[in-house]
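As written, the chains take the letters A, B, C and D, and residue 1 is the first residue of each chain.
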């Protein structure tokens, strides 16, 4: 069995923070000690560096078909980019087709990912056509496919959206079998009306994308879904929360002793609606759904982390090249929605969060890794540095400064929303299941190195 | 240096949960591994047992002068009882006397505790006479005495209570020097009126104690203190939170991005106001302030833990023997307020929380130990099992059932509120700083073994 | 011109309360004075009586087709019953048929009401099939038909319910033309799921009607509709509010400076869910939607009146005879939903409200008459006793006690939900547009006496 | 008996709005009719004019001793100014002196007002030294003096403020005898700390007055007082509410079915904190407590009226001449707090409220007159135009525009906060108890014409 010894690093988990040597045998951590008196095949000196659990990004869309095109990262390019930035596991969404089965969706996603992904991966199952037949598939999806999380869309009427009756029934079934429901919470009807009114008024510029999807639409749907989760007793998780209004719904639910899991994404923490006032078509780079919000929303989200009300920072990574975005230059409804982020999330959260004093080191680990691992059943295999866990470790040098640029990033997209941002701290080495995957910017693993992760039914936490 | 090896236990921290061998050298943990190939002076087989971080009880009152008598546990008897139950650290309150300095209070508490305490201990400084002089003492208390937490009483007018102006000024000073303010939140004026009215109406039975201190008095003061903490930017912690109404104030504060630290006590989770309807003078055993509440309050507190809005479960351990309680048989205002708990908290929280499925194992550790360690600056020396931390470890057998009784407990008080309760799980061995302090019910350490713990100014978390 | 002089009564309006003589010439009030020195064709001595503005019931369903049957009161029988009880104006709902126009619905309702109604009447327009064509009808409905209020159903999927997109668009159109949207707020999807689950579990007894329509379904829909009204700027009114949870949504909306109009019905103030536990099929008499709630909801509704947050007490009068109710003896979904009330509302509200001290006299007038008159544009023609207003006056003797019974009531239904209730105060004489319509229980007007009331676009209040 | 006939005006009450002739005999209204066929000693043609109930200002301070000086209006000058503007009744505060009795305060206020006041007047009793003796005076104050309203100060520690225990006891006593407690809600301790900190930092400019009294101080005290009113069951009224935060407390209280009466003042509706940034010492003109707030607070107050959550618009009229204000040029704590308003309130509320479409005509009457009359027991003698009520009528021409100026106003103060404001609508004639008091700007009554108004214990409404 191969062995690897990391000396003198500072181990950081969601709880702990201490200097130690970490010994890896095979794919897992075997020993942690003040000074380990062992010999390993390879030793790495991590003096001055943090050892973080490998990042988990619970919200990505690789090769997603959208509006006649596809998101530009494959599982190969996207996961390799993730590894460069410190992310060792992604959870992508296997989207059911209208008229198709859940099983078919999962098979399709396996075709895309298996033998291609470079980092480890799991799938959420996105249910877009819920009926008596798809309901019957749920137990099998959970128990055989190892997929315990199901996503619903409350927006995108007539394509992805399911109605409240379907949501209720899905929640009942998922709760019974130990799963969790996750939701894109925007009121599709409200948005459709806004889009319709804008188009009718000739308001086709990209800024009307955001104006058609105001915060109240997101909060209304969040509140409604929280009600349904309360009624059905189903564990519930809101994806890509953007705004104070949605957090208010989560806070209100605490009054009836309810707990809701909340994800936000790095872009909602760092960017704001002023993007949509940029000159020309520049703002199209951040045409995403929900859209970027106000500064007060950023504040609420950062505070939410420290209040323990936000549990994961993901990306909703769904890149499109500028040529793809061009499709909507004359009509915002034709801009493919999505933006890149999988490579930069981990470092940006450290730089803007820890280095700027907004969150502590343990909170950083919880937000970038542990929180998602626990909610989605990857823990303790993933999400921590502990004896017996997968040796997914990021050796992170907090002193290195670097600059983000599309010229140097590894994502398959020709722009970067954080172009020119100065970042404090850098992923020096990424170790995945005991193998050095990235070292000083060089990839040492390749296509197909990633493993599919089955996840057991959730234990209540 | 002495060494101790614990084999085959399951290490549980606020985040992790894995099987491993733990090696202790001297007073701290030196190594954790799947199977440690080392030789130690002593080995303990912990197969089938959890290894928990030693319990921390952040709210005790040993030998506290109250109404002409004293709480019946000394630092010796109380801390030894704590060790028996799995608590390795207490934080007691050094109460300023009216007219006296803070310094004098701390010196007095050292006289009581030093060379007496068996487990480790720290002090909060209770400020009951805040003025320009006591304000000047604050920096010294924090930096020289290693006491970063200050308590205020919003009740007990004319003896302990300070007014809003004083609270503001104390908060300003404490915030500036990196401390935290903790508060007994009950509106003293409201309570005084209720007591006065009850006495005037001839309502002197013990049940009027509780009826004089309704939940709204607690919640009002909590809300007011939260406002003052918000305004002064002072970290803030509510001691012995009992009710849903107070939690509502904490939840409301989240709406303005504020975070409040919340402590409850084991009795508020497990007992309710029906105690005050017991026959005869039995209810006097639980005459405490604030009083026991309703079942809906218990539900809100348990839910609060899982919502991450309650951060520590303490005891407010302040025992009085039945003969002492007798002083108030004819007049509830003369019953010394307080009840025992330091020995039973840890096991009861496991039994009623974990074994009954209300909280998970990690949450148990957070509530019984890690939360308080982090809030009050004992971490990482205390509050976790990690390389470099104090080897305060409870070897806990989840399968052993036992029954609580004053006949067998070690606290110096002649009743136990949980008399006859069946408990699932038992502290088999308590290790304090690498020394086996309690083993199978036998005390192996004695008076004076405990160390005083200085705590640094708080880092923001 | 005919003239009528009412001497020595105590005039009560939503504001005033004074003793005076009231002189009526033709159909309107011409003079009010301490002692009027005039001669009239007829004089009535009202010594010891209140003179109240004629009652307005803004929520009735005469001859409504429901589940293959019809509500048992025609416009003739129902409005005559109303006059007996003190109600001089009703607003009934002209329900659009799926596939039909709004115009057709209004014509159909005119066919039912014209030449039949005995008291005055107006229509709300219930929109059940909103599309581009029905949108175009809105201005005409408001301006030509004098109907400024439009009702939506958020429940009854596939028959009456319209979706959020349709609601938004309707609100936009109505707001633009000076109308108001009223809503039956229950989440149809949630209810459908509950009904489905109950039927699947063999739960077909009538009590499952109520269990399928819990308060949270009503409150969720209320909150959502309030959001849509906020966004579109459309005046908004919730019909038959039953519960504290819905009022909480209204109260929450006050925080963003929004005002919502709230109607409750007399049965929600006086009856509760214990009805559904009555023996045998008795409870079917109160199978209505939403169902009866808890006592705490009654308290919230009474308080809501005094808080000025509830604006009208109507009936949702929709009677079915016991033989009609029988259709659902074996399956609660087949029980026609509805119950009688138009005759008893006015006297019950006085007896249970004013006589029992829950509301004052002015509030009684506001709830029974003025509130609805102002919200729906009947004021000042209806809803007050003032010079120039229609002489719709109830001479009410507060000292007379009587007992409600189906044996003596005038509604065309063979039971009365308030059978045997003792009522304090009685409508002695009902005057409609200057004509004595009812006197001491005798009807002096007949079929066709009622006039259709056009209502102008609303002025903001 | 003298008689006066007002022809062709439009009578407006809190409910009604109609054209009529109004006949006055002696001091009261005797008859209202479409066209009155009577002969009176005097006739006034009010064509084109509104007839409003005479304004009531429930919050004035004439000749109030403050900081070694006195407010500059006597009961003579202040009430005459009120009449010019349309205010026919004021309620002034008889402030207890520390060490003095309530009786003494009332006697002192009678000495100031009797034979001096030109308009009618009543007193609130301000309790600043509550103890067992003053408690005993309460029933007598209510029943013999006809004063049913008691004011407390939660600010001004050591001079006016009473503590929570005293407030509770006062509320108990007042509730028992049918009175109401009104409160100046600012947390005196919080403010004292802010002032102290500002002075210590050398921040003595007038803007620090406002910065020392932030909205949270007002809201905290409001919430606390609302709690005490809830607990004691005492009717409760907040004087001079300024901000959204306080309204939030009122709105939150609705959730537990509580009703709170709310007063704001005209200056909080129309002026904002930008006053304190005016050049030089100009801002001192509006140094009042609580201070002027933000625009969002104005919006919340206007909305509050339409939500029926604000019940009266008063003035807190307490003028000081510029020379008096000068005392605090070098130290904001020495600026006498107060500003004029009694003359302009009525017309400004019409102009800024009704003429600008923020409130309707009935709401204007409710806010300027009826609301206060009902809450404080002046109704129905005052607060309406109805048969039997005092003939206090303002003939108001909505078409006349005029400009406010200290040059032309009648208040005894050498500036006007609304200097230069264009006002739409003007009080043409003020009638007090049937006597034309002001006509076209000319005073026809003089010193001593005003009567003292005893008010009965409140009926619950």
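The working rule: contacts are C-beta pairs under 8 Å (C-beta built on N, C-alpha and C of every residue); 3 or more make two chains touch, one makes a residue touch a chain.
Predicted model only: the values in this text are computed from it and were never measured.
Using the contact threshold fixed earlier, the set of chains in contact with both chain A and chain C is empty.
Taking the CA centroid of chain D as reference, the farthest chain centroid is that of A. Spacing of chain A relative to chain B, judged by their CA centroids, is 38 angstrom. Remark: chain B and chain C have CA centroids separated by 58 Å (rounded to whole angstrom). We define each chain's centre as the mean of its Cα atoms; on that basis chain B and chain D are separated by 52 Å.
Not a single residue position of chain B touches two or more of the other chains.
Listed by label, the pairs of touching chains are A-B, A-C, B-D, C-D. Those residues of chain B that touch chain A in the complex are listed here as 11, 13-20, 23, 30-34, 36, 248, 251, 254-255, 257-259, 299-300, 303-304, 306-309, 357, 360, 362-363, 370, 380, 384, 386-389, 459-461. By the touch criterion given at the top, residues 157, 163-169, 172, 187-190, 192-193, 197, 214, 216, 220, 223-224, 227-228, 230-231 of chain A touch chain C in their complex.
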